[in-house]
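Alright, structures below, take your time with them.
You will see chain A twice below: alongside chain B first, and alongside chain C after that.
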Partner chain A sequence: MNSYQLGLIMNSCISVIQVMGVFIITSLAGMFSLGQASFMAISAYFTFILARSLDLPIILTAIVGLGISALCAFIIAIPTLKLRKDYFALITMGFGEMISAIVVMCEKYTNGSIGYSRIPKVEHIFWLILAITAFVVYFAWALKRSRFGRMCIALKTDETAAKSFGIDTYRLKIKVFIIASCISGLAGILYGLKNRVITPDGFSWNLSAEMQIFLFFGGTNSLTGAVLSAFLLKLLPEMFRSLELFGQSLQVYRTAFYCVLILLVINFRPNGILGEKEFSITTVRRWVSRLLGRKKAEGGQDD
Partner chain B sequence: MLLQLLINGISLGAVYALIAVGFAIVFSVLKFSNFAHGGMISACAFIGYFFQASFESPPPIIVTIAVTSAAGVLFALFLDAIAYRSIRRHRSPSIYYFLASLTISILITSLLNIFFSKNALAYPMLFSSTTFDLGSLKVSRMDMMILAVSVVILAALMLLINKTKIGLAVRAVAINPDTSKLMGIDSGAIIVLIFSIAGFLAGVSGVLLGCKYGVYPDLGQTMMVKGFIASLIGGLGSLGGAIAAAFILGVIEMFWTFGFGALSTPVMTFVLMLLFLFIRPQGIAGQFAKEKV
Partner chain C sequence: MTDAILSCSGISMDFGGVKAVDDFNAVIGKGETVGIIGPNGAGKTTIFNVFSRIYIQTAGTLAFNGESVDHVDQVGMARRGLSRTFQNIRLFSGLTVLDNVKVPLDYKGEYTMAEAVFHLPRRNRMEKAVAEKAMQTLELLDLAKYADSSATALPYGLQRRVEIARALVSEPKLLMLDEPAAGLNPEEVLQLVDFLKEIKSKFEGIALLVIEHRMDLIMNLCEFLYVQNFGRTIAKGTPAEIQEDDAVLAAYLGEENI
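Up next, the complex of A and B:
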């Protein structure tokens, strides 16, 4: 494979990590975040600026970057998650706007809207990204099966009932949001390492929304669906790069194309392409059906 | 100077109020955050611009506003047909409304981005002189026009909701669509009406914002956030609260911009919103903050 193809695969892997972050919030806990891209931005900027200015190894500063993402998530979560879910979506969206504004404001450190490009080069970046992607997908899978994951699903299905079983839903939601923000932050750091430049525009509201679209396309209740759709929807538009429509590369229509797909899904297959279903290979199916033990597609969300 | 800033702030708040009300009215009935509103505003701003630009001598702005808001209503009905209707039919959870509106907003913005440049198009000059003197103050004609149009429309809308029979039906559906049906209210028709009102408001605010800031694809998206914040501070779903909060937000933002520059305003509005949620989570109006059990 040449480096272009490797680059495409790396992009798709990063997209999978992003969607895993959203998966944990939306599919497990039933909340809707529109600010995950800003956590990518926070982690990436802190990691690379600290690595450059203090001359520390990137692995150390990455931990600091993730920690700051977690801290921001915690601060937002305290007032917001006590209220109904709609507040959460709006607050995270406002947070995204704020982070973009801050990046442009702190021009001295971040190089403003031109983009920060003094990012150290990392050896074997392809294998690193692949390994981290595998780890994150495994983590999401394990999380879904754990006691914690079942508590989250109870919360998503019926918050009042979950409370009556003694689940502290408020603290659970805060934890979920922090975990998801760390995963998003990880995606941001890898994005920076891969592209060697980060701009505030690259972490805009559209990216957060795109993650949600990928997730819903694959099916909110299916981890396989989420992974596949995140990988393929990122990859496929690149394949049709050379085709043209109205004198512009098909690549330009990428976002519009996703949106049309989602509208079709909403109209004809409300549970996403895969819904609860998985691969046809029996072994895989058995493996995955254990993972997706929950057989409740309809009425999965309250409210 | 203070008075000058206050007037400008109120005029800014009037536009925010239009957006916030368009957002809040959908929320009060359907209980979901209508992200499509931003895309609608952008689309309407473009419609208004091309209508205005298609004449040799531009028609009065009121005509453009009327035509655009009619187009906004039709547009809203179209969106209802392609996205929301099937959600109602399937009785899907409201997270799908949310997703549909999000998708529509991005779809509109990305299509506009493909076919038009990111550079702002300017509306033709509306007034021969941009300001007039009021005592020692210089008042922008544009701001006064925006303020007047917004206030008239907001007043008409509040009368419609609070004083008429249709308004009563809207308020009933907002409380409970199923029970309203038993009382002889056609809930489906009311929901379509709500979307049309939101489309109408998007049309008006699209033209006004286009006049003030120029027309570009991300216009609606940028402005929508302010509308959201206003309706959140006002208490989600409350129209009166949203209007009050929008005016307050407009004035605060104007003073902040004067003191600290425009770049840091998103930070200020976000922190303000977060503080507000700490102190008074139910919003100014104090409705809808808790999910009903």
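Up next, the complex of A and C:
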């Protein structure tokens, strides 16, 4: 594989990590955040600026960066999560815009809208990203199958009923939002390490919306669907980059393409492509045995 | 007389100008079975919602297990041992039947998120214990064979049973059932009565509070009844007394002479 193809795969992996963050908020706890890209920005900027100015190893400053993301998430969560769900979406969106503006304003440290590029080079970045992606997906899977996952889904489907079974929904929501923001922050740091430059535009509202689109496309309650759609929807547009329509690369029409896709999905499969289906060993086994069974039956007819 | 598990005095609940409940007084003893009956709009479910703290009453005081719970919220009330079902079934749609029944046990789960993520021994042990307990409760309600189906895909009658299982699994001190017999045929109602009596023998000291329209259920099951009409208590007593009560007959059948 050449470095361009490796780059595409890394981009898709980062997209999977981003969507896992959104998955935990939206699919598990039923909250709709439109500002997850801002947590990517917070973690990435803090990690790289601290690494540069204090001359510390990236791994240390990354922990600080994630911590600051968590702290920001905690601070917005306290007042916002007492409000109704739609206000939460609005406030996270506003927070996202605010962070972009702050990055531009603090030009002295962040280099403003030109972008911050004094990012150290990391060896084996491909394997690092692959490993972290695998871990994050595993994390989301294990979380969904634990008591936390059950409490979150209960909270999502019926908050009043969840409360009447002793679930402290307010604290649970804060916890979930902090975890999801840390995952988003992780995606931001990896994004910076991979591209070696971060700009405020790169973490704009578009990116937050894109994460939600990927999630809804794959299936709001399916981890498998979320992972697949995050990976493929990021990868496919790049593959069609060389194709042309009306004298322009198909890449230009990406947003229009997403919109059509979303309209189709919402109309015909309101729960996303995979709905609530999950990949599991037993399902695969069932498929295989069904396939084998069919072959046997066909073989029998031949005789 | 036994100790009271729940007692309230002068409970009123206003919504704007509407008095949904007006001066409701009741005492439910440990292990008692008490019914609240009355026509639609009599404020029965509002009383349930005040007891489970979904609403905070506009006047009056409430005590649970000897402790004043006027400032306790819904979560605190559930954790103190009050459990309920809902009139319009409110199962968790994204979860299987078994997982629905596990949910009430989850808040007191002892493993942390890190243990959950890395599947450490304590997580696996606790999950196994929770699954066993939930399964036992399902077996008690004859629901074991539906454990893995999606809760909201079940027929109505079964969903009601799953709701009861979910409310019972945490071994509450007081179980409140909001119209458990709605939509059941007469034979199923008799089964439900038998089953509720069985619960009382299996869960020692559990008190039941039932809202119901179905007289066959109420009269067979309850030891004491409150009759509500337009938010007020128009009669209280044993089923036998209630059947003879003029005010109740008037509310249900209309005035005798006009």
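The rule is short, and it goes like this: the second predicted complex is superposed on the first by the 277 of 303 C-alpha atoms of A that agree within 3 Å, B and C clash if a C-alpha of one lies under 4 Å from a C-alpha of the other, contacts with A are read in each partner's own complex, and residues count from 1 in each chain.
Please note the rule applied: a residue touches a chain if its C-beta (ideal position, glycine included) is under 8 Å from a C-beta of that chain, and two chains touch if they have at least 3 such contacts.
In this text the structure is predicted, and so the values were computed from the model without any measurement.
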Please tell me, clash or fit, for chain B and chain C sharing chain A in the overlay. fit
Applying the document's definition of touch, where does A:221 land relative to chain B and chain C: first, second, both, or neither? second
Hey, is it chain B or chain C that touches more of chain A? B
If you stack the two complexes on chain A, which partner ends up touching A:256: first (chain B), second (chain C), both, or neither? first
Applying the document's definition of touch, where does A:209 land relative to chain B and chain C: first, second, both, or neither? first
If you stack the two complexes on chain A, which partner ends up touching A:160: first (chain B), second (chain C), both, or neither? both
I'd like to know which partner A:71 touches here: chain B for first, chain C for second, both or neither. neither
Could you tell me if A:147 is touching chain B, chain C, both of them or neither one (first, second, both, neither)? second
By the touch definition at the top of the document, which applies to A:266: first (chain B), second (chain C), both, or neither? first
Between chain B (first) and chain C (second), which does A:168 come into contact with in this model arrangement: first, second, both, or neither? second
With both complexes superposed on chain A, which partner does A:139 reach: first (chain B), second (chain C), both or neither? second
On the overlay, how many Å separate the closest CA atoms of chain B and chain C? 8
Taking the two structures together, which residues of chain A meet both chain B and chain C? 160
So in the complex, the part of chain C that touches chain A is made up of which residues? 52, 54, 73-75, 77-79, 83-84, 86, 90, 92-95, 99, 102-104, 106-109, 111, 113, 116-119, 123, 126-127, 130, 150, 166, 170
Taking the touch rule as given, give the residues of chain B at its contact with chain A in the complex, in rising order. 27, 31-33, 82-83, 86-87, 90, 92-96, 98-100, 102-107, 109-111, 114, 221, 225, 228-229, 232, 236, 263-267, 269-271, 273-274, 277-278, 281, 288-291, 293
Quick check: in the complex, which residue numbers of chain A touch chain C? 138-139, 142-143, 146-148, 150-151, 153-154, 156-158, 160-169, 175, 179, 221, 276
Residue positions on chain A within touch of chain B in the complex are 30, 32, 34, 76, 78-80, 82-87, 89-91, 93-95, 97-98, 100-102, 104-105, 159-160, 205-206, 209-210, 212-213, 216, 248, 252-253, 255-256, 258-260, 262-263, 266-268, 270, 299-303
